[in-house]
Every structure is written in C-alpha cells, then in structure tokens.
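For reference, the structure is listed below as structure tokens.
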Amino acid sequence: MAGSSFGVLFRVHTAGESHGPANVVIVDGVPAGLPLSEEDLRPDLARRRPGQSALVTQRDEADEPEILSGVFEGRTTGTPIAVLVRNRDSRSRDYEELREKYRPGHADFGFDARFGFRDHRGGGRSSARETVARVCAGAIARKLLASEGVRILGWVRQVGEIEARIENPASVTLEQVEASPVRCPDPEAAVRMVELIEAVRRDRDSIGGVAELVATGVPPGWGEPVFDKLKADLGKALFSLPAVLGVEYGAGFAAARSRGSENNDPFVRGRDGGIRTEGNRHGGMLGGISSGMPILLRCALKPTSSLPRPQRTVTRSGEATTVETRGRHDPCVLPRFVPMGEAMVAVVLADHWLRARASRL
Amino acid sequence: MAGSSFGVLFRVHTAGESHGPANVVIVDGVPAGLPLSEEDLRPDLARRRPGQSALVTQRDEADEPEILSGVFEGRTTGTPIAVLVRNRDSRSRDYEELREKYRPGHADFGFDARFGFRDHRGGGRSSARETVARVCAGAIARKLLASEGVRILGWVRQVGEIEARIENPASVTLEQVEASPVRCPDPEAAVRMVELIEAVRRDRDSIGGVAELVATGVPPGWGEPVFDKLKADLGKALFSLPAVLGVEYGAGFAAARSRGSENNDPFVRGRDGGIRTEGNRHGGMLGGISSGMPILLRCALKPTSSLPRPQRTVTRSGEATTVETRGRHDPCVLPRFVPMGEAMVAVVLADHWLRARASRL
Amino acid sequence: MAGSSFGVLFRVHTAGESHGPANVVIVDGVPAGLPLSEEDLRPDLARRRPGQSALVTQRDEADEPEILSGVFEGRTTGTPIAVLVRNRDSRSRDYEELREKYRPGHADFGFDARFGFRDHRGGGRSSARETVARVCAGAIARKLLASEGVRILGWVRQVGEIEARIENPASVTLEQVEASPVRCPDPEAAVRMVELIEAVRRDRDSIGGVAELVATGVPPGWGEPVFDKLKADLGKALFSLPAVLGVEYGAGFAAARSRGSENNDPFVRGRDGGIRTEGNRHGGMLGGISSGMPILLRCALKPTSSLPRPQRTVTRSGEATTVETRGRHDPCVLPRFVPMGEAMVAVVLADHWLRARASRL
Amino acid sequence: MAGSSFGVLFRVHTAGESHGPANVVIVDGVPAGLPLSEEDLRPDLARRRPGQSALVTQRDEADEPEILSGVFEGRTTGTPIAVLVRNRDSRSRDYEELREKYRPGHADFGFDARFGFRDHRGGGRSSARETVARVCAGAIARKLLASEGVRILGWVRQVGEIEARIENPASVTLEQVEASPVRCPDPEAAVRMVELIEAVRRDRDSIGGVAELVATGVPPGWGEPVFDKLKADLGKALFSLPAVLGVEYGAGFAAARSRGSENNDPFVRGRDGGIRTEGNRHGGMLGGISSGMPILLRCALKPTSSLPRPQRTVTRSGEATTVETRGRHDPCVLPRFVPMGEAMVAVVLADHWLRARASRL
C-alpha cells in the first residue's frame, strides 16, 4: 500500500500503467516562486524516451507533458504540481499471451501472487513506462536544486565487459555524455559499446551494464543521522528503478578490500579556506551526511529481461511453455537509464535540501 | 527531520546517543498476540555487543533491555512496544579532543555543518551505538516473521582479500556462522580471517569486508510495485547502517557483464507443484516483489574509520592537526555487523509482510 | 508541505486549482479486485456539482471524471487509481480585482503571507473546487466499504435558525435526503429551509447551517488507541473541508452539561446475541474506537464568505477598499456540503478498515 | 497501526500503558540549539498530575521526567529527544474484575474487538495516563514556540451548566487561570464550579464541561491549503484527547445561525500598519491558514465515564452485570484537561511553524 509515494518534504506521488490512458505525477512540497513550465520537463523526457536512437526500443511515444496545477503565471505557487503524460503508442494486442504466461526476469508472477491478477499489457504498473512520471518529478527537482548550485549528471560507465575510462567524474559535461547515443563520455569506449549493443541486438539478446552518477555543489550537512542517511535514501531511490541489482558509493565494493589507513580521506583546508577532503573514496557522504565533496555512485543493471527469442517459463497454472517478446525491445537499457537515475538522485537531494533547512533555529 | 523512523506498518522509532543516558526504541504496529519478552531480545543483543570476542571493540556494555510497554502477560497487545537499553560504559573523558577535531571518515564535520554543533562524545547520534535500538526492533521482527516461516541469517563473506566459499547460501546454519568469532561459515576462510584481523589490529589499522545475508521462507508477493520495491526498502535499510558503501542482490554487479539469455532465471514447476525459478541470479526479487526464492544480498563495508594511530585532519576552524582514537577499537566491524544487517532485513520483511496482507479484498 | 495527502493505508493525494486546467486525485492503497468504473463516481459528483439546483452556485461544470490508472477490465488492480476532472467553466476575468484585494472570510491574506503570492482566480487552491477530487476518492472508498456493509449518509440538519426534526438518524434514507434540493430529510423543515435560502439570496447575503452524518454497519474495533483515534481522524477530515467551524459526536456539546450517570450508555446484550449499548450518546466511538453502534456526527458551517454585495477590506498594501463577489454564488453551502462530508467520512473509514485488518496475527 | 505518532516535521511518538513500567515519548525534529532541560517539563507535568488538588483523582504520581537523548550541554542537538516517565502508583489489583467486564463509556469493548484481548489494568493504553507523554512533548513545543513569540493558554470555560464570563480571551493570564484549582479565570464562576464538582463527587457522579484555548502571537501563513489545514490538524489533535466530544473555532456552532454579512470579519489596517481583522469570529484561521489573529477554540468534554457507583454493563461473554470504579476517581476532568489541550495545541503549532518555513525559496 502507498508504495507509489516518495520523499518527506519534496513529495512525489505517481500513478499509471504501461498501456492505460496516461501516467500522472503529483509533486507536493515545491516551494513557491520557482519559474517552471513544460519546457523544463521536455529535455529529460526526450532523453528517457523510447525511439530516441537506434540503440533503444522503438516504441513511439511523444511523451508530451501537461502541467495541470501548482504553476501560475510561470511560477510555482507552493501547491501540488500535477503533470499528465498520455500514453499514445499502446498496442495492447501484442501482449495477449502474457495474460497467462510469466516472463522470466519480470514481476508478473509476483503481481499475481500479491494481487490475484494483473494488468498484463506490457507489464502494467511494473513496466519501466512508469519512470516517465519520475523523470517529470526529477526535472522539477533538478530546477529547484539548480537555484542552489547543485548539478546532477549521469553516464554509462560500463556495458558488458567494456568499461569507460573516466579520470575525474566531477568534471564530465553533459555535452560529453550526449555526444554518443550510448551516453558514455569516453569516446573510444562509446564506440565499442555501440558496436556491442548492436551485436547483442542481432543476437536477439540483451546486455547489462553500469551507470555512474555524480552530484556536484551539494553543501555539507544534507542527510539525516540514522535511517534517512543520504546514502540510504539514494540507495532506496536507485534500487526502486527497474533492473538495478547493485549500488555503490565512492570506493564501493573495492573498499571491502582496503585498510582504514588507506581508505580514510583526510580533512584538509581547501584553497578557498573551506574544509574539504583529500580524495573522495567516501563518495561525498560521511555518516550518511554530505561532506561537501561530489556525491559519486554507480548502479549495476542486469540485462533487459524481455528478449525477442523463446525463453522457457510456465503458465499461471504451472504448465511449461515458452515466451518471446515481440516487436519493440531494448537490447541495453543503460542509455535510457541515465535520465531515470538522474531524476531519482535529484528527487532525493531536493528532499534533503528542504529537510536540512528545518534543522536549526 | 524525522530521520529516526523506519517502516510503514511495522514502524520503528529510535533515540539515543553513544554517551547519553540510554538508547530507546519504540516499535509500533506489531500485531497483538505475539509471545514476547526480554529473553527474545538478548541473543541478538549479545551478538551485536562490544567485547564479545578478542576481535571486536572492548567497550563493556551489558546491553540489558527493558520492555516498557506493549506486552501484557507475555504477549504483545497491539500497542507500541518501547524498549530501553541504558548506556553503562560511557567514558566521556576519552573524547574531549573530538569537540574540536574532525575524525576522518566520520560524520563529525557534516553534523557541525548541519546542526551548528554536536554531541562529540563517541560520535553522539552518529555512533554505531544507536544500532542497539535497531537490534531490539529486529529481534521483534524476527520473532514475528518466524511465525510465518521466514528465517534470516547473515555471515561474513569476505574480509580484505579473503573470500569464503559458500556453495549454497540458503542452507547455511546459525551454528556454522557462530562457530567462529568472525562469523564466517567457511571454517578454513574463518581461520584466515581471524589471523588477518589480528594482524591488522597489531598494525593499529582496520580492514573492510563483505557480509552476505539470506532470507528463506519469504512467499511470493511481498514488496510494492514502484518506489517501495522490496529491493528498494532493503537497500535503504542496509545503507542506513554505518560503513556500508555497497549493496547488491543475487548476481549483483556481475549481472552487468552478462547477457539476458544467461542471466534470466526460467520459471519452472517445482517438486511440490508450485512455481519457482531455475537458479537464483535474481536474488529472490523480480520487479521489486519477492519471487518465493531465497532473498540473497551482499553488503560491502569500508574499514573502520577510527584508528589507534595519528591521522591527518583539521579542527573546526580549519587548522591542520592529527587525531588518534584512544582505547577501544574495532579492527574489523564485519562480525558485529552481521546481527545489525539481519535486524534491518527483518524489519523490512516484517513491514512488507503486513503491507502485503492489505492488498486484496 | 505535503498538505495534500490524507490517510495511511487508503491514501489520497490531490492537486488542482479552481481555474487551472484540471483537478486530479491519486488514490493509493485500494485493494485489488474491487469492481470500479467512472459510473461509480458520477452520482456523488452530480450531488456536489454547482448548478444542480436553484439553491446553489450556477457555475456550470459537467465534472466528467476520467480514470487514468489502477483499473483493468473493470476491477481495481491494487495499484494507484488516478482520476482526472477537467475544469471547464473557468471565467478567470471575473477575478482580476482579487489579485490585489483580500476577500473577508477567505484564505487570500494567509496565502500571500505564506507563499508570497497566489493564484487569485477563484481562490486557486483554497477554492472549494478542490473538493471535486475528494468526492472522487470518497466514491471509491464508499464502494469499498459497501462490500463490508458500511453505509454513509449525510443531510442538512439546520439552516440558520431552522432545525430539522429527525427521530432516528440511523434510519434516514438517501431517498428522503434527495427528495428536497436542500437535502433535509424532514419535509416540513426542508420547505422552510428552501424559503430561507431564497430570501437570503434575494438579500445578497448567505446563511450558515449544520450538517449531520451517520455511518452504519461499522463493526467494533476500528480506530487507533492514541493519536489516530477514529474521532480524531474524522475530526481532521471534516475540519479540512471549507467553512467547517465546529464538529461534534453523539451528544456533543450537550454532553458538557450532563452527568456521567446519565451520559454513559450501558452495555447490553442485543437481540442477535451480540454486545451493544443502550442509547448512543457516545456517537458510535468509545476511546476513539468504534463500538459497533452507528457513528453519528454534526458539522457547523459558517455562512459563505463570498457575498454579492460590497464588503469592507484592504488591498495587499493595506489600503481600505471594498470587494464584491460577482456572478456565481452559493447563498448556502450546506446542500453541496453533504456529499463532501460523506466523502471524507468514507475516506477515513476505508483507511481505518484496512488498518484494523493488520492488528492481529 | 502506527497510531502513536503525530506530526510531520515536529514528530511525536509515544508508548506506554497505565500500569506498565513507564511512559515514553520520542520527539523528533526539534531544531538544534534550543535550551532544554527537565526543568522545562516539570511545570506542565505538575498541572496535569493526579493528586494536585482535592478536585481531581488522588492517584499519586510524581511524574518525574528523565531526558534520555537529544540534549547536550543544555541545548537540543537536532536529534530525537526521548523522555521517560516511570509509573509509580500502579495498584493493579484494583482492576482485576475489569479483565472480564466492559466499563460503560470506555474503550474496553473496542480493544477486545480489535486486538482479541487487552491490558485491562486501568485501561492500559486507552487510559488518560498516556497523556503524560503528550505533556512532555507539548512542553518542548511550547518552549520552541516561545522563541517565536507564540503563547498558548487554556482554561475551563464551563462545568455543567455553569459558564464563565470572559470578555477578551486573548488577554487572560496564566495567573488568573491558576488562581483556582478548577482553572477558571472568572473568579466568581470558579467558586461555583468548585462547589458543583464537590457536590458531584459526593453524589458519586461526574460532570462534563468546556475548555477554551487561545494561542496568541501566531503570525499569518501557518497551515496547509487542503487536508492539513491548521483547523484540521488542531481538530485531530484535540479529538485525540480522551473525553472530547466536540471542538469549535471562533464563533463555532453559533456561526451556523448567522448570515455572511454579520459573520465575516472585515480586513482592516491595524495601528501598527499591519493587516488584521475587525473582530475574530473566524477564530484566527481562514481557509485553514492562520490570519495573524489569536487562534481561539473550545472543546466539549463528556463527564468522566468511571463512576464510584454500580453501572449496568456486560461481561466479555455478554452476561449482564454491574461494574463500579473503586478508589481514585476524577469527578470532573476539566481542570486536568487544560494542560493536555495546551500540549496538543503546542505540538500542532510547532509542526506548522516548521512546515511554513519550508514554503518559499
């Protein structure tokens, strides 16, 4: 119940299925006075959109957002902002066999166990289609954060075995990321990733990967001491996205192999006189509270579960069968994941910014 | 604000500092009729306790819990259960220099940025001391889940470069885990881990590691479709624990290197006629909802930040200085992390169990 | 922040202004399997609608609801239900002078103090227009409750000095209520109320009144022990509606004049062998928990603040001026309040029904 | 579930039964830097305490609070504040017959229906004993609000048929209220109220009444637009207190008899140049948002349900019997209600103060 809400002060509520009439998001808690229009939502929606390049699924969605409330004469009013995105290309007939069959790697079986039945068309509520609502919320959060000097950027770090080389994550630019349809800022790796994804597509297969995200400009002091640590809320936000099987901050799993004497980042006085750390193995958060250093994280995504080839599975009644995804298909979800991940990071940071403002007399 | 609460229906509220009078937890939402007494809390508190072996910090805390409410004649009444654990061995004088100095790897600097000042004694609210409250809540959740046949067990999978070999995580027993003070069920690896931790202690250093946790007996259908996916709430819960820098489920980061055709676990009919999967690369959750397979996850922990050797840092006013942890010290936090991780997994599962009950007419 | 959400397990999120494009509601937490379509929403929307009779404001709104999600093949799926109601008759030009003037009895001044500016068109978010979203949510709650045998009905008990005589509130029928446009089930009082309202309209004035609401079929045991007492959540729900200045249960304010020996309702064994009370001065709730007797409450509403006559006020800069409502106007809001009050009672009861289900092992 | 929490940013969690070991409150969200000690809690606890005068129950409770966390060197740290109040005079043996009998006017029957059994000793969680935790939270809220210039004061307005005459509620002083044990600032009415309560006690009966509360110094702009209107949250807070059957603001139920032209309070420019209203029939809130005028409300309380005389009731199995309260007994709960009501008003206002701070960029 109530699993479609996120945040404490910057609150996001979503609704919508893959093949229903529309997806909707209500963002409650945006302070009054922020300039906002549909123009602010379109860039991230375009980056998330199916059909944007040959690398991704060809479902054709214009993803045109309509702001229904909370904005007056071009500025937020402090009341809830509702955004509507109609579903247009919803070919339900492609999905009839899914009424009875459980797709491997999908939530179909769990939904039936939970609710007794499900909207089987394209996965219904479990489809990544719902992230269109998150990206709208994220664009609002991003605009709010920009007024504080916070910038969030993600990219594809790894596809299959191909890893990008990125010297300084905090200095990667949006232009570098968007230079390739695979959204990898290392041009050489990007070329190889595109080749790999195209090969995987020809094989009627899919491939996993790793996205990296960085938030710069976050001042020290965001995040709560115990359960709502910044790393905890970011972790929840990122694991709530489809296909994410791993999340790590800073040194991440590599820290497990290290000693404290080499892993600790010493505090030093920066050139501007402020306090900072030497190195950023901690990923910008200490004790769950931002340290003022860039927040740095990586998400591991499994390969898309839907495959245009027969896969073994069972029917609702347990009979062995096969299932095959027809038509549209994402051989690698990583390029489209980047704006989704950015959106969730933005939502968490906007929430914690507002929360931090309430901490002192 | 309100960062000290967790859960929707099984709600946990904690309070307490490392060197204040006590830690307290209120658990609200436990159904009526569950047999419960302090006896149920003691085993996990003992596993979390400092001073339990030569491997961990020697702070001497009896950690005696007192149930203050919500239990009548040996059974829960459905009203909030408050548990009090007094702090006994709180040598505040050891910490006076921390009033002005920021310990590397700790939240001291973030707290000052957030709140303007802090209880510097032992880290105050940012100390792992607060997990004593979580372990009480976890023991209650564990008992509730046991009535459903759910069992949660964790162990140390890796310390530094030493990795345990564990063929079948779902069949590891508590006895195997507790056979070694390092809580690793692979006896050979356990011996080497103990040696490594003792060597690290002699070097006045610390070492990181990986814990693995498994929950068996979770039926299909727990978890919410969008933000409150089971993997999302587990992720938040585990990242809210001190020192956790990475979390992964099932195949985890390795899935990023795989193809869909090899990563998908096919659905099959099990021997008992029920539906299950062949393999468990998905870690027991699909689309964020439990699949009925064991829930399997790993947490990467950084090495303890407190070191009994001088570390470079700055004072509140930015002057370069050094700081050194005196007295008690955990060279490797992994053995004590196991009950903490189990507690958080139990709290999440208890919450989602109750939530799943409300899903159908 | 987040003031547009209501409920714990049956959660309602609303958005929308009086003269924006639309009002939206997301209802999260409806169990799967409930038959539902737009047809279920129309009757209550029609009872709330402006222009339904000569007694109420003549704003012309079809109030056509569109269900955007959460329903598949005629049944709820357990996922959030979004309902869209477009605003059609929004003559913004009528309201231009309100940009600078504060209407007496309205939230205009408070909004400016809070947010720095406001959508002044028809009151924006503070307009009773937002209750269209609540009535949609209430209709869903009502349908859910009907499956449990719970029925909710309200009526106009008093307009100005005219009071209806109602012997047994629990036996009033919807037909009796709807027999008069004033929604008073006492036919004689209803005639006089209509006359009074028409006279008030001719005087370019407005008149207050009292609505009475009853919920029958609520079993004993709904409501929480301390803060979320059923009377507390109902009180919040009803006071959240525009114009409500007083709420009372059972004997209400009259109980203040009574002695315990006469006010207590003795428990007795009912004809069906169950336990009930003799009398219902307690209004169906004891200690905040339903007793199994009908829940009975009354709401006092102030007269409509908008008047089609000049009223003294000030501008944003504090200059004395007058303001006059032009065009549409409700001389007495009570008839249209009835479905709003019923909706909020339904939402609270649906929430507490779901909550009560989680109380026992 | 989770019915023991209140507030969004100023969050209160309570636990404890009448005859268990202790009552506990955790207050989360208090900004850092507020001077606080047990001394701040004692005055209101003393005003709530049983045995404070001959008019109230003689249960002997010292009600000594112990702050367990969240305060360091005399100031709040921004982390949760836990307060423990042990129960001392808990004579459980007085209550043995209540295990099987339902007291008229109490929640006993509802608890059994809800949870299957109950802690019958003194009402367990449904006892007014739990308000000791609320009064601690209220004292913290009161201190926080005082730093903003907000003052909250309540008194007894009516006992049975005796009504106090109070010309200007906003100018009543604490000294006037505390001058009589009945807490009525009209000295003449106070004498008659005392006589009435003593007569009622001699009759082994109880008597109801009305409390009035006023909050001065609340600036315009506190309260949320829709569900979390200030009047809604205050209504919930007050109805969550035992025995409250009615709540009204400003003109309250009398407004139902009035016309808009007489009920609306015109806005005018005040002597200090600010905007205020002429008159305060609106009770300090318009559209649920504070207007800057004093917040004024009244609560109707039923007579105490526990009576030292036989009352007709039934046993758990439905057998007719009688029940009689032995020993301690409050013939009129109004004097002790005053600090409870003030505490809840303070908690709501503290929460909305913090919420209002987050509304603007």
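Just so it is clear, A, B, C and D label the chains in written order, and each chain counts residues from 1 on its own.
Here, a residue touches a chain if its C-beta (ideal position, glycine included) is under 8 Å from a C-beta of that chain, and two chains touch if they have at least 3 such contacts.
Bear in mind the structure is a predicted one, so any value in this text is a computation, not a measurement.
Taking the definition of touch as given, a chain qualifies here only if it contacts chain A and chain B alike; those chains are C, D. In summary, the chains found to touch both chain A and chain D are B, C. Contact tally for B-D versus B-C: the pair with more C-beta pairs in contact is B-D.
Averaging Cα atoms per chain gives one point for each, and the point farthest from that of chain D is the centre of A.
If you average the CA atoms of chain C and of chain D, the two centres end up 26 Å from each other. The mean-CA centres of chain B and chain D are about 39 angstrom from one another, to the nearest whole unit.
If you average the Cα atoms of chain B and of chain C, the two centres end up 46 Å apart. Of all residues in chain B, those that touch two or more other chains are 1-5, 8-9, 14, 29, 32-33, 78-79, 114-116, 125, 225, 354, 358-360.
Remark: chain D residues 1-6, 8-9, 12, 14, 102, 104-107, 109-111, 113-116, 123, 125-126, 130, 158, 160-161, 200, 203, 205-210, 219-229, 231-240, 242, 244-253, 255-261, 263-269, 273-275, 277-278, 282-283, 285-292, 300-307, 309, 311-314, 318-320, 355-356, 358-360 touch chain C in the complex. Those residues of chain D that touch chain A in the complex are listed here as 8-9, 29, 31-34, 78-79, 147, 225, 354, 357-361. Across the complex, chain C meets chain A through its residues 1-5, 8-11, 13-17, 20-24, 26, 28-29, 32-33, 66-70, 72, 75, 77-82, 84, 114-119, 124-125, 354.
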